[in-house]
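The first chain written gets the first letter, and so on, giving A, B, C and D; residue counts start at 1 in each chain.
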Amino acid sequence: MSVATAAAFSFRVKDLTLAESGRHQLRLAENEMPGLMALRAEFGESKPLKGARIAGSLHMTVQTAVLIETLVTLGAEVRWASCNIFSTQDEAAAAVVVGPNGTPEAPAGVPVFAWKGETLEEYWWCAAQIFDWSAEAAATGADFTGPNLILDDGGDATMLVHKGREFEEAGAVPADSGDDSHEYKVILDLLRASLAESSDRYTTIGSEILGVTEETTTGVHRLYELARDNALLFPAINVNDSVTKSKFDNKYGIRHSLPDGLNRATDVLIGGKVCFVAGYGDVGKGAAEALKGQGARVIVSEVDPINALQAAMDGFQVATLSSVVDQIDILVTGTGNLNVVTVDDLVGLKHLAIVANVGHFDNEIDMAGLEALEGAERIEIKPQVHEWRLPTGRSILVLSEGRLMNLGNATGHPSFVMSNSFTNQVLAQIELFTKQSEYPTGVYVLPKHLDEKVARLHLDALGVELTTLTPEQAAYIGVPVEGPYKLDHYRY
Amino acid sequence: MSVATAAAFSFRVKDLTLAESGRHQLRLAENEMPGLMALRAEFGESKPLKGARIAGSLHMTVQTAVLIETLVTLGAEVRWASCNIFSTQDEAAAAVVVGPNGTPEAPAGVPVFAWKGETLEEYWWCAAQIFDWSAEAAATGADFTGPNLILDDGGDATMLVHKGREFEEAGAVPADSGDDSHEYKVILDLLRASLAESSDRYTTIGSEILGVTEETTTGVHRLYELARDNALLFPAINVNDSVTKSKFDNKYGIRHSLPDGLNRATDVLIGGKVCFVAGYGDVGKGAAEALKGQGARVIVSEVDPINALQAAMDGFQVATLSSVVDQIDILVTGTGNLNVVTVDDLVGLKHLAIVANVGHFDNEIDMAGLEALEGAERIEIKPQVHEWRLPTGRSILVLSEGRLMNLGNATGHPSFVMSNSFTNQVLAQIELFTKQSEYPTGVYVLPKHLDEKVARLHLDALGVELTTLTPEQAAYIGVPVEGPYKLDHYRY
Amino acid sequence: MSVATAAAFSFRVKDLTLAESGRHQLRLAENEMPGLMALRAEFGESKPLKGARIAGSLHMTVQTAVLIETLVTLGAEVRWASCNIFSTQDEAAAAVVVGPNGTPEAPAGVPVFAWKGETLEEYWWCAAQIFDWSAEAAATGADFTGPNLILDDGGDATMLVHKGREFEEAGAVPADSGDDSHEYKVILDLLRASLAESSDRYTTIGSEILGVTEETTTGVHRLYELARDNALLFPAINVNDSVTKSKFDNKYGIRHSLPDGLNRATDVLIGGKVCFVAGYGDVGKGAAEALKGQGARVIVSEVDPINALQAAMDGFQVATLSSVVDQIDILVTGTGNLNVVTVDDLVGLKHLAIVANVGHFDNEIDMAGLEALEGAERIEIKPQVHEWRLPTGRSILVLSEGRLMNLGNATGHPSFVMSNSFTNQVLAQIELFTKQSEYPTGVYVLPKHLDEKVARLHLDALGVELTTLTPEQAAYIGVPVEGPYKLDHYRY
Amino acid sequence: MSVATAAAFSFRVKDLTLAESGRHQLRLAENEMPGLMALRAEFGESKPLKGARIAGSLHMTVQTAVLIETLVTLGAEVRWASCNIFSTQDEAAAAVVVGPNGTPEAPAGVPVFAWKGETLEEYWWCAAQIFDWSAEAAATGADFTGPNLILDDGGDATMLVHKGREFEEAGAVPADSGDDSHEYKVILDLLRASLAESSDRYTTIGSEILGVTEETTTGVHRLYELARDNALLFPAINVNDSVTKSKFDNKYGIRHSLPDGLNRATDVLIGGKVCFVAGYGDVGKGAAEALKGQGARVIVSEVDPINALQAAMDGFQVATLSSVVDQIDILVTGTGNLNVVTVDDLVGLKHLAIVANVGHFDNEIDMAGLEALEGAERIEIKPQVHEWRLPTGRSILVLSEGRLMNLGNATGHPSFVMSNSFTNQVLAQIELFTKQSEYPTGVYVLPKHLDEKVARLHLDALGVELTTLTPEQAAYIGVPVEGPYKLDHYRY
């Protein structure tokens, strides 16, 4: 059984229909991901990733499929898992497995270990598969065990290697403490089984890895902690803090997907409504702009006085939630903090007010408190849309059970936004693979000229004509003609 | 078999699930239709429509269900059909038939003759059913044949009565001419069968009718033609030209549903895109505002220099379609005219440009020409979203096969917008029923004080506090304190 | 002494400097008045106004100078007065009197009777001069007494003729009643002197006049009253209600001049401020848009529920003034009504809140009440900007003493807006002069095709490309290819 | 003669009128500068600047007067000069010199050496005066020569000390090289005279100075160069890069003052016009928003692809100047670079296009090239507004001779914006004076908690209610409850 067939099996591709549907969607998405397509054009021949063995752990969506095929076009071998048990789009996975010219029987694509609705046990089994490159080694007679690069989103793949090595060094996997989460127990079981089979699997794998590129705030946070504790095994590039990532997907992604999710969930007219946006960071800025653009009246809350002043200067009323709660038709939270919306707030809202989280985990809203509220009753209007009847006699509509509604009620960030993020990922992979000496173990952001390059690759698609500095002008402001143009602390 | 049971049968209600789901949706919609709910509160006891027998022909949606139950609350008896073969929401119809306290076995609601996906024969059979009040007459021992009011959308119900009477007067239904549309043949067959059964059915029905209230531009146009030709059988109120109808559903409805439809259909990021909006009437104004609110660059076209100047003063580039066609990512047409987008225009668009009609019939875009274009190929991406591969090697994405995409790819006007339109309908029904002497046969718009009343009933829901004129102020500008406040030609 | 010399004398032109400065400004204004310049190009040779003798009464500004010279280019003879004692720009008047090729000693322009800061006696003397065409008659040997057309703004010129004729018919000018305003006494004195000289001067003048075109709401109101009372002496065209007048100068003029006036008066940052706009008609819409565009938070008040609903749908909070008065930084009134802002409101404002009237007379704000308020003290910060110290210890800043601050603190409507209004005026003059049979005595609005023409003449200057209907499209919507395109009740 | 009298003399205060007028304006400005007033309230008793001797060099405007009196309220002694020969508002200077309770004969304020329209020789004489504290030393018997703090804008004061000390160390002031600017010769002359009088004046002064706080990009740039070259004599705080400075005055200041300047200069309607904004940094963002807010169509140019992508995502067309030059009505440049607008561009503009610089020096526009253009003629329309007739027959309107038109044609940043900047200045002065050990020689930005404090002090005035983190929330995101809230690289 070929590697790809195994992957196909693992992925449970049943027939060509799914893959063909996925292929159509890939084609449309490619048109919206000009950054990735430009990298294919620029590097498709020189193949700077030839020799790269990439273990990818990132939502297995149509956009990720375009990313994976870009990595392959640049010469890389790839194995892939999702980083979330629900986020896989099966048709995208199928298309990637089958490949542009393959069939379900003779898949010619990339081994993908992901399907929509994995159990936690399945999820971590999939994660382990992206580190098992024995089939690839056997196929080529090469002498390696695992990947030499990780492309990560949230840090699960990176964590698996670090934990695996840690327990191998200790010679034992700790027993479950009573307090461990179910998920942590699953991980310990997996690594316990691995240790029983091999005393140095993850030690070897870790030693082969040249670095990791990480997509998210959470994953980056873990990396800085590892670095601070001198526990980081290999260099890491923090893709999250590229301007073309953080200032684009947060702001412009939410501007797009918040109203989209509200509409799909409720069909309620946004115009004329009183909307409250908790938080005026990039997410809140995008949310507020979108709602204003639909004719809503927007009230904002903030804890940071600088952001609060920005909100005021942008024309928004800035108030605490509790002081205006009884005027609110649509409540949006985008802070990254917890308990931003309390049960008291929920109970105080207008009848049938809509509650939408676009920030972070479901704990932005005190969903646990709502569930524990005596006399509250939950009625499913449709999947991801629940009416909660409150003891007051009023009801509220909670979207996606308090989780990210732009994912749960809409389809997350559009392709064009993801193209910016993923172009950063690919450039970061090339950096780590081709300039190893420049990146000793540590955590880095991409150099600004690459951040600018990501932007540059997305201009043509929008019909943007860039102006070129004259040498005289470049000298006058002390930058190269071709950039980078700004100091590191420039805020955009 | 009771009337309601017959209706239940005609509607094919199978079980309570559908009706219960509809009932949930009605409850949510009621919260977004404050105008109708206010009329229930104001007139629920006095029941000004007691004795009214209303034949309704209007899309059988959740919003219409709220309208129907409002009419019933005001004392009317109602029979209903949809005015479009596809637009019925079955759960809404089921809920109306079953009624708030009924069951599928013992329906206690309103006879509804409508289901999603009727044939043309079924459609016109349903239309005929709303004029057959024999069961109601029998149940009460009353002496009537049909309804005494029509509530119409598009004019099909009104036309059926006029044509029926015309052929009864002529004593014969004409044979099909070779050129008749299939639909017209279906109508002729229906009326031929009617004439075979009764020589004066529609003559009698027509004589019982006190008037019609009409919702749409098209229907109103037919009414003015009938009046001009002295062929109008009863008075008509043109609800379409109430300010709270035409300036609200066109502008604010489209502002809401255009981006909604684009998102559901394609998930393409609107921000940064070049969007073209053909027409800067109320529909175009709403479309342009929505796209601008999402960060698109909007170019507008116009034939009327006044509207063109408005577009320019609102900050939009105004250009002909052909002069900028190769820059367009999203092409929106909202003119009410035909062939606004030609095949040449379609062929000239950017690769995978999106083509969306929010104006009128599918002939706004030359779909027939596209279908006839040699070398063009149509690929279904998903229902209502088709890629057309063009001989140029480029493709375009056509939404809803060129028909109204805010209906086909989204869910049409939201409840709050419809509440404005339907509150006009109810007030117009009350006018015709209670002030017959004030409306001799002819076509009328609602008096301005009622138009203002419609607006007034929607303010509380949005937290709007209205200012009241002092008597001194009212005298100064020469209006009553309670309105109406403006001259008829005021443009808002 | 030539007529022009007399005018120059009356106007008090002292030297060429003033005229030259005016000439520069005219040249710049011409560039912003494409409608008038297009009329010069279209009609400069055919001279449709040849034989027209126009008595103009309209603010003698730079823009009016361009209007006057356009009338002359089209063949008319013109005499001019201002319609306001303060609004004359002396350099504009000088330039018109001297003419493009004249000198102060040998003026070759138009007799203008207007200067900045007239007394009421001077004002009405000037008004009388535009009806005295004896010099022109003598110069040409022609047999006429006065003008054959009036171009009016506010109706003073029209009123003078009507009153003059009325008293001549009665044979006497009434004595001053005790209640007459000072201005009315001045008028009676003037007409008494006239009657002493001639028993039929204004009777003759009135009989020679073919019609009047009137610019303003107030003037139009007087004309409709005269027509209603069968007292109108000649036909009148209501230019005020052309779409290109009322929807343009109210909305876009105020959008421009409100922030301009605020800035010139106070230099206070508008961004972040809480602004209140009383009235959401066209003036209020323009004001609200301008303030929002500067990053202010805008609250609106309305008495008309339709306009209130529009404000809400446009994203504004709608509240009564008294309910939010203590939050307001900038209070704008644009209603056309009186006592919209009471003394209680003024006293309740934030410290140093700015009070700005862009609506109507100074009675929009209860200035009389403020002046009478015990303990209130008025301090001039600079001309047209007064701090009022209130008994509360707080102060407010009142602009232009409660009068129109877009005139008092800024420079009124910009040339481009006035070009729209004045192009309507010229077309209306041509209508009355060339199509006398189509306008029996009565009050008319300009036919829609001319309204559209006005818009059309302003498109090129903004780079607007208009789309042309195909004959098939025109037939489909039932309009001529070249327009007019809309029914009369269309609201734009 | 007392110190204050000397200052009054130097300032040329003639009578009380000027000071009283300034005092009125100060009172209004204080209301718009809540940050400074809050510092007076917080520190007015503890007087943390007691003992501070501040040499200030910053535009002597009304806002600066509020700054100076704040420093005095906090305990400092102050001497002041302007940093620009034209920017002094004489009434503000007079008010500061006279002081709240003084008279011209017995001034009780601060010695100010500044008047509108200084020669370069006068300018540098004034600059030298702020370092001569002999009168103050004599008055108190204290043992010092000069100030112990500098508050600088542009770095002239700092440069004078550094150059003075450099030449004293060298023992001689260099002779004028042929290439030196006139201004540099003036400086050399001044220091040559000083050296003739004293061999160590600036060496002594430099040794007494605890630090400098610097306001501008240019000044900060010089400081970083000095630090890099180990030539910096004392610590410096870069106030320019506080978020509440750079992100506020650039963006919100320009948003306010660009349309203000356009209106005062030209009265041209902005709505509907095609405006071009060169540069989409903070200045360009503010400019583009302002013009869009007035209904203009805005085209943007950029050299940095990230900013270009932002412009596109914000809905603006992005093009090179030369590609659209013939469509432009209003050309705005805000880049900080030179020759952004070439003579070819100027010649290519539409007739009477307006050219406005809000970026930097007059070399943003090639004014030298324009002056050298054969056949070009310059006509003064009014001060700061010039028509340039071009050889093409077209003209353009150049504002403020190509210099910053928001200063030349309007009144610069409004008080509220300056309050943010100046509150940073005061806090920076306190830091340097009270925490000397924390600031060894080097260049610093203000700690984030002070940046946040500046914002915090401006919230109440705008009615902003801030939300407070719970301890649980603060712990969750790892920040103190009272802030600072963000990492240093956060971009806002």
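As a working rule, a contact is a pair of C-beta atoms (placed from the backbone, for glycine too) under 8 Å apart; a residue touches a chain by one contact, two chains touch by 3 or more.
Chain-to-protein mapping (UniProt): A, B, C, D = Adenosylhomocysteinase.
Computed from a prediction, not measured in an experiment: that's the story for all the values here.
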* Please state whether B-C or B-D has more C-beta contact pairs across its interface. => B-C
* **Farthest chain relative to chain B (centres taken as mean CA coordinates)** => D
* What is the distance, in whole Å, between the centres of chain B and chain D, each centre taken as the mean of its C-alpha atoms? -> 60
* Asked: Between chain B and chain C, what is the separation of their C-alpha centroids in Å?
  -> 43
* chain A: which residues touch two or more other chains? -> 252, 271-272, 292, 295, 309, 312-313, 317, 462-463
* Structure fact -> Counting only contacts in the complex, chain B reaches chain C at residues 241, 243-244, 246-248, 252, 278, 301-313, 317-321, 323, 336-340, 451-453, 455-456, 458-459, 462-470, 472-473, 476-477, 483, 485-486, 488-489, 491-492
* Of all residues in chain D, those that touch chain B in their complex -> 271-272, 292, 295-298, 309, 312-317
* **Residue numbers on chain C that touch chain D, as the complex places them** => 24-25, 28, 31-32, 252, 255-256, 259-260, 263-264, 266-274, 289-290, 292-295, 327, 351-352, 379, 381, 387, 397, 410-411, 414-417, 462-463
